[in-house]
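Below you will find the structure I want to go over with you.
Chains here go by letter, A, B and C, matching the order in which they are written, and residues are numbered from 1 within each.
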Amino acid sequence: QKCQCSSIGLEKSSSLSTGKSFQLDDVIEAQQFDRDILTDIFEVAREMEMIEKNSSGSKMLRGYLMATLFYEPSTRTRLSFESAMKRLGGEVLTTENAREFSSAAKGETLEDTIRTVEGYSDIIVMRHFESGAARRAAATASIPVINAGDGPGQHPTQALLDVYTIEREIGRLDSIKLGLVGDLANGRTVRSLAYLIAKYKDVKIYFVSPDVVKMKDDIKEYLTSKGVEWEESSDLMEVASKCDVVYQTRIQRERFGERIDLYEAARGKYIVDKNVLNVLPKHAIIMHPLPRLDEITLDVDADPRAAYFRQAKNGLYIRMALLKLLLLGW
Amino acid sequence: QKCQCSSIGLEKSSSLSTGKSFQLDDVIEAQQFDRDILTDIFEVAREMEMIEKNSSGSKMLRGYLMATLFYEPSTRTRLSFESAMKRLGGEVLTTENAREFSSAAKGETLEDTIRTVEGYSDIIVMRHFESGAARRAAATASIPVINAGDGPGQHPTQALLDVYTIEREIGRLDSIKLGLVGDLANGRTVRSLAYLIAKYKDVKIYFVSPDVVKMKDDIKEYLTSKGVEWEESSDLMEVASKCDVVYQTRIQRERFGERIDLYEAARGKYIVDKNVLNVLPKHAIIMHPLPRLDEITLDVDADPRAAYFRQAKNGLYIRMALLKLLLLGW
Amino acid sequence: QKCQCSSIGLEKSSSLSTGKSFQLDDVIEAQQFDRDILTDIFEVAREMEMIEKNSSGSKMLRGYLMATLFYEPSTRTRLSFESAMKRLGGEVLTTENAREFSSAAKGETLEDTIRTVEGYSDIIVMRHFESGAARRAAATASIPVINAGDGPGQHPTQALLDVYTIEREIGRLDSIKLGLVGDLANGRTVRSLAYLIAKYKDVKIYFVSPDVVKMKDDIKEYLTSKGVEWEESSDLMEVASKCDVVYQTRIQRERFGERIDLYEAARGKYIVDKNVLNVLPKHAIIMHPLPRLDEITLDVDADPRAAYFRQAKNGLYIRMALLKLLLLGW
């Protein structure tokens, strides 16, 4: 039941109106986005890719101040947000170790911290170790809050950049064949991605994972209820030969505790290497949320279908788009 | 006698000339400000509240660089200063853990560190764990230094924002009835506030605190010498019914060491809650330096007389004013 | 043999073409600079000294983003680079503890980290604990990389600022008499300086150090091969009376392990004090890479020949020059 906390909270809410008429107030969870909103956000992200140094676009957030309130370190995510803000001319207040925030250490509630920080800034990007923290922050703040990951819960900007990358690389989101590989039990990334891609038509998902970290039933049931075809497979080569996207993930050692043996068995099982590239369709791509250990071999990097560093870069554009939408509107 | 180090060093110096003719060189201790200077600073702070995004005011410190040299973490204070600098168009160099500053760790003196950092910046905001450190830094630096708290010593910008908040909320500083509640022995905030408010006419102060953390004699004697009426009371309700300002503080657990029993007894004794609100005059306010634990109950927050988050925000305006005055003059 | 890792890798490469026609791609090691390139860089540094607040020069890097990727703390170096970037109108993304970079902690390679960070920024300034790390980063990155120190290896911007300071203070680099004092075995600073100064004519170097930390043979042999006169001396007073530059260094306690007795003997042996000033030529200078403990007494600071804080400030101009050259070219 404790695992439930790593659920992405299926179908809780999605009551935003669609199209340019909707106003984005906070970014809390992947579920708040429907197809139309995603389309609109991706269009803005695409515009962000075009912004030149010292163009007027690069000054659109001049005068705005973003507070990055990180209760656990995540340098990659923090740099991505801070780069996004600065690329648009905005400024940043950084707290990399808000957990040791003198106030928090003294017992201050998250709500009180938010009330103080919102007095200093125009938007809060928060990373927290507790599921639900971002929602609480957004309920308190009168300025926009972006969830940059809250514990085992949500990391919605990662989910958005994943879907954006598929659309950007493959050219469509309907009729996608998607192979999810690796740690499907613990990776919130693949869970969110499965959830979001189910909003599109004619999608087929293959789950390829060691037995100890299989995709959980809640997502499978959700996909079925949405009419999304899915299949479990233990043959990565066969799956790769049929997919548009192979989404590889890291087996997370920290999930195995003392059972190093299980970890070692699991991590070596499905590796994306030259052999996989050999069967992968020419138009297909390899994705990975990074950091990568050896689940994708280094000799794959030079192949044009290796999309994971472009995927990381897309995170910049998605975050630029969200900052723009939250602070300036459409 | 060790407590003396937490003295605010009464009446040591106050030789600045008053009015717009005075030049602010550094901000080191509450005692450097007299009534006229406070009036002038508060006027500038008021102007700071009016500055709009992308107005010319928001660019007044463009090209200036502030170094935040923090030898102990204080995220709240740091963010407030950094926000102030950026709201005026200035830039910031941040060191959150200057104590581990490789140079300091290797035995470099504070003076040498200051001589290096002043080469990189236009103003230094320093937090230090040793009383007197800010004064030493200011004596060394040829650029302005602001004391953002030096150990048990001074935290002058907090003192200024407290007085500013009373003036801003009540509309005057003469003829104020002020209830100081909680840890009056260790809180430098309430000591500085008592000291500064004594510069005004017809002030009455009530001390309400558990016996173990009573206001010390030096401040009481100082107030008496200045003709300020004061009184100790154990009846928070009665005091609240007569005050313009109830200034609540946190009982600091770290001061009690092993004596958790004394801490628990002290912390529960005087709580600001709905009952206190019921007797509090309509025009009065509740203040608190934050962070707050449970010495003010959450149901007080919604009352318009709960001024503590506005008080925190006033810290931003006071710091903007000081940065402006130190870098650009009047 | 382990000491070899602290070698500055003599004569490995220096194949850059000279003069304004050369394009600076990365700054990795002192050896990449020859006389002509140094002359050109110093000319740009000199221009940097002239840049006024809010002049057009102070905006030349507007729109550019520098990532400071520090795998070990070095606040002094970091602030110097960040100040340099901001003085030119650029922006900064900071990671002070990249070693705990969640990704690195999870086993990500330096190369993968670089590939991600280069997506967020225009130039990377890297400090690393491993010799050779900067070269690996530069080989990976498609944006410029500056080595801000890699373990016992290189710290080329320190070497440049040292040579720049001699040229700036003495007015020439040929015919210099240079006394290197203190820890000559472990200090990469003096090793790099000896290496670079050997590119000039008619140079004479005196080594003055306790026996346990004498200059190593590789540098001595190199100097001899280049026709540079050098001499070991145990008489600091006599050396000081003949030098243009006395370059004092800190005896590094951390190099002595358990042998505190050896450390104490070594550190007290050669102190620059008033007596040294008395014999030092009027035009000569005292340099020190900082931090300084007591190897230069405090009463030396007021003498105009004490150049070490001006030297630190020159680091700012050198770094401004390098950032300009790497991002905008000549």
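Basically, a residue touches a chain if its C-beta (ideal position, glycine included) is under 8 Å from a C-beta of that chain, and two chains touch if they have at least 3 such contacts.
None of the values given here were measured: they were computed from a predicted structure.
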item: Subunit C reached from subunit A - shortest hop count over touching chains; value: 1
item: Fitting subunit A to subunit B on CA atoms, where both chains share a sequence, rotation angle to nearest 5 degrees; value: 120
item: Centre distance in Å when subunit B and subunit C are each reduced to the mean of their C-alpha atoms; value: 41
item: Of all residues in subunit B, the ones touching two or more other chains; value: 94, 96
item: Subunit A - residues contacting subunit B, complex; value: 62-65, 67, 91, 93-98, 100-104, 106-108, 112-113, 115-117, 119-121
item: Subunit C residues within the subunit B interface of the complex; value: 53-54, 58, 73-76, 79-80, 82-83, 86-87, 94, 96, 250, 290-293, 309, 312-313, 316
